Amino acid sequence: MKIRVDVKLKNGVLDPQGRAVAHALHTLGFDEVADVRIGKAIELEVNETDKEKAKARAVEMAQKLLANLVIESYTVEVLG
Amino acid sequence: MKAAVIVYPGSNCDRDCKVAAETAVNADVKMVWHKETHLSDDLDLIIIPGGFSYGDYLRCGAMASVSPINAEILRHAERGTSILGICNGFQILCEAGLLEGTLLRNNSLKYICKDVMLDVTNNNTRFTKAYGNQTKAMMTVGNGEGNYFADDDTIKLLEDENRIVFKYLENPNGSKGDIAGIINKKGNVLGMMPHPDRAFAKELGSDDGANVFKSLMQL
Amino acid sequence: MTNNTEITPEIIAEHGIKPDEYQIILDRLGRAPNLLELGIFSVMWSEHCSYKSSRRHLSKFPVSGPLVIQGPGENAGVIDIGDNQAAIFKMESHNHPSFIEPYQGAATGVGGIMRDVFTMGARPVALANALRFGEMENQHTKRLLNGVVAGIGGYGNCVGVPTVCGETNFHASYNGNILVNAMCVGLAEQDKIFYSRGAKVGSPIVYFGSKTGRDGIHGATMASAEFDVDSDEKRPTVQVGDPFMEKLLIEATLELMQTDCIEAIQDMGAAGLTSSSVEMAGKEGLGIVLKMNDVPVRETHMTPYEMMLSESQERMLAIIKPGQEHIAEAIMQKWDLDYAVIGYTTDTGRMVLEFDGEVVCDIPVGPLSSDAPNYDRPWVKPEVEKPVTAREIGELGDLGDALLKILASPDICSKRWIWEQYDRHVMADTLADSSHASDAALVRVHGTDKALAITCDCTPLYVKNDPYEGGKQVVAESYRNIIATGATPIAITDNLNFGSPERPEIMGQIVMAIEGMAEACKVLEYPVVSGNVSLYNETMGTPILPTPVVGGVGLIKNYNDAIGYGGINEGDTIILIGNTTDNMGATTAMKVLVGREDGAPPKVDLVLEKQTGETILELNEKGLIEACHDLSNGGLALGLAKMTMGSDIGIVGQVQE
Amino acid sequence: MKIRVDVKLKNGVLDPQGRAVAHALHTLGFDEVADVRIGKAIELEVNETDKEKAKARAVEMAQKLLANLVIESYTVEVLG
């Protein structure tokens, strides 16, 4: 079973990496870029067949380790 | 020897490279800002220094490798000028496509700053002649992404063409084949993670790095 | 809350302003303040910015000397190191933010202290840090240690300044309140030092660096607000640091300082735009007008309140000579930094803020600093522990096993896991760092034979059991560590970490520790040139051990004469200098081997310390010393052990009965 | 217009971070985790209203900068 956990910086929290990439895109001529935010796309392969159970466990993993809840938020999606 | 050190926003070993080249071989060194678009043809050596160009954001060396000066670096590589990429410089050369492979996160996931003993695995390149039969060289590493990676065929190619110039005696970061430094086919572009710019004088702990510059004088 | 919110007692209390202090505000304004004005008073009168609980005692420190160019009162201390060169250094704490978000808390601590140094015209050349965590067994310690070390390395390594020395201790009293003290040392030409004084009337106020966001609002007042365990509610938006931006800011600021268009300059530290603008205006009795619509902002709909109190990182404020703003603008454009003229100085002595065509703040600048509260908090002299002798403790079993236990204890064991994550070699001037057998770091003054000696020291348990003697000992140990490298001690910075000053017994610790330190500074001619105070370090009523950290800086004229405690050769004789008394109180041995932390710390004979120090420097100048080591934690046993390990050699010692 | 560019390491390329996270999850008791791969979720805010054009430009950005085509693959999705 594949599960995808997306971890993003909360709104309002400065994203230095996104800012630097936006600037670099401008110098490459992509002026239409207004903002860039970069998060982590974590793909988990788990030995679990029950979708609900797998999702609940993934949420637990996000809260315990994958996301720093002080400055990050997360979403969990079961890819099946 | 006339040398140029490229300075990107975020480079922080640029001055170290200048002092190392001056100390080791009394080089005449110019600092070149990354936004410039010309590197004179009478240069003997172009140094791409260590540091955190663009904060190492996105991928180490990714944004630096698309800087305005990049076209000139490619041109000089083509015409055979010696190009030395140290640490972040090695990452930039890989991103720019001048050297194979890439530098991934250290397998410990931690930044590592320590002395490393290197094997001089090919001492008849233009960067390592001065080592002669000295097969070991002590330098330091200082990086978070020094874990060299390339697919197996590339590693085999590098071995077969004797293009692996330095290997770690004790692998500090998981680099494939213990690779610490490689050279391109033409033999004029060297990328290495250890810092010769921090090992050019005894009081810094080792002067084994000076040979990288001294070798170029025998060109 | 909009700016014309009615000011209620709750709002006043929430801003950390006491009723009697609010009365002073009413008196100075002749009316009630609006929310923005109240916010400005609250950050300027916070413990962190005004030192209101400790200011009167700090004045006991000796702050001048033949080599002191600038003592406390500016962004950092400045000392003369010869040949028209100056060393500029300071220490600051980021204790509370690091408990909430260890990586960013520690990273922004490093970023902030570097700005205090390069805002005075110095290129940062060395970083050091003093860290205190809870016990190893505490559930948070591992996570906090991981985050803090990664944050310090992540920031310092990226900016390209070597992290050369420090200390790390573990004790239960820090379980809920860790300490992250960062020190930075920079180099400047004596005739090119920049101050926050010097502004003239009618000069443009220039903002450059990062845009302003809602980071860490109320960070300054939070820094001294006591923590309750679930500190989630007290979690302001965390300050996030960008070391890449800091590197650009260093290069741009130093380039700007090569021109002579600067009248005054200050980094935006705690209380950001407020403290930097008020301090620069206040120093010259000037007024300022700021046009808030011109402040570069990162988020939409930011109010003047948020802009003035935001603690977004990597920002500078400078007062430029009229007509020369274009010089600054060109430099900022080269380094891709935000730049804006956001106002000008006036002779009204008032701070006037305009937003959307309306005056949103109009208050006198003077009272913000001169009328800041200056408490004379009640304090009781802490009772001092009685001495404990070895005879009382009895046999400690096999001396070898005892030594191994001490060597393995958290405070004493090797910290390689920590300092190997720090770049100690960038700038290629590091001669001795945490990896060397040396009591202080040695960093060459680029292009010369001179080297700076740097060390951070504190033995909290000594200060707890006898704050006065403990205070003397902290300064004496720093003095000895510098001398043990052959360098001459010159001056210190400090970071005084204590519990709540509202407790008389804690206030007593603060007063006595400061008096002990001041006494040692006088006798050893080792003045205080800068520093920081961090109070309210306690959780649910239990305070931390009193931790007055000292950051010492010295100079060695020729680094070839430098010594360490390694490099001993066979046949060398070892001489123990100073007298050994039967005193086990508050020692590492007692804590590790017997599990006791009581007992008076060793008495410090300052005159003997000075004589010993000067003698060692004399012997070294004559080339008679191979190696030298200061004895501190772990005493003679640990000292000898370190010397053997440092030289890869054996040592034979005779104990005379 | 929001566009999302996901950049992933190609199969066969070593993922030190993914491996370390998998190990950490096991020590936290999530034994069902078989593999972890960590990629970048890049969110672009662009001043462009034409979906097709925006997507094409995002692909160009991925090829020029956002992905290292030697070791990474990317997908582009217009979120609207």
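Here the chain labels run A, B, C and D in written order, and each chain numbers its own residues starting at 1.
By our rule, contacts are C-beta pairs under 8 Å (C-beta built on N, C-alpha and C of every residue); 3 or more make two chains touch, one makes a residue touch a chain.
Computed from a prediction, not measured in an experiment: that's the story for all the values here.
Chemist: Out of A-B and B-D, which chain pair has the most contact pairs?
Modeler: If we tally the C-beta pairs in contact for A-B and B-D, the bigger total goes to B-D.
Chemist: Whole-Å distance, chain C centre to chain D centre, using C-alpha means?
Modeler: The mean C-alpha positions of chain C and chain D differ by 41 Å.
Chemist: Compute the distance, rounded to whole Å, between the mean C-alpha positions of chain A and chain B.
Modeler: 34
Chemist: Just give me the whole-number Å value for how far the CA centre of chain B lies from that of chain D.
Modeler: Taking the average C-alpha coordinate of chain B and of chain D, the gap between them is 29 Å.
Chemist: Taking the mean of the C-alpha atoms as each chain's centre, how many Å separate chain A from chain C?
Modeler: For chain A versus chain C, the centre distance works out to 36 Å.
Chemist: For chain B, which residues are shared contacts with two or more other chains?
Modeler: Chain B, residues with two or more chain partners: 54-55, 57-58, 63, 66.
Chemist: Which residue numbers or ranges of chain C touch two or more of the other chains?
Modeler: 242, 244-245, 336
Chemist: Where in chain A do residues touch at least two different other chains?
Modeler: Each of 16, 20-21, 24, 28, 38 in chain A touches at least two other chains.
Chemist: Sort out which chains touch which and give me every pair.
Modeler: So the chains that touch one another pair up as A-B, A-C, A-D, B-C, B-D.
Chemist: Looking at the complex, which residues from chain B come into contact with chain D?
Modeler: Against chain D, chain B makes touches at 58-59, 62-63, 66, 95, 102, 104-107, 109, 147, 149, 151, 174, 176.
Chemist: Quick check on the complex: what are the chain A residues that touch chain C?
Modeler: It comes out as residues 12-14, 16, 19-20, 23, 68, 70-71.
Chemist: For a test of understanding, state which residues of chain B touch chain C in their complex under the given definition.
Modeler: Result: residues 9-10, 12-13, 15-16, 19-20, 50-52, 54-57, 110-114, 140, 142, 144, 195, 197-198, 200, 203-204 of chain B touch chain C.
Chemist: Any idea which chain D residues touch chain A in the complex?
Modeler: 6, 8, 21, 24-25, 28, 30, 32-48, 54, 57, 60-61, 64-66
Chemist: In their shared complex, at which residues does chain C touch chain A?
Modeler: Of all residues in chain C, those touching chain A are 100-101, 104, 210, 213-215, 235, 237-238, 240-242, 244-245, 298-299, 312-313, 336.
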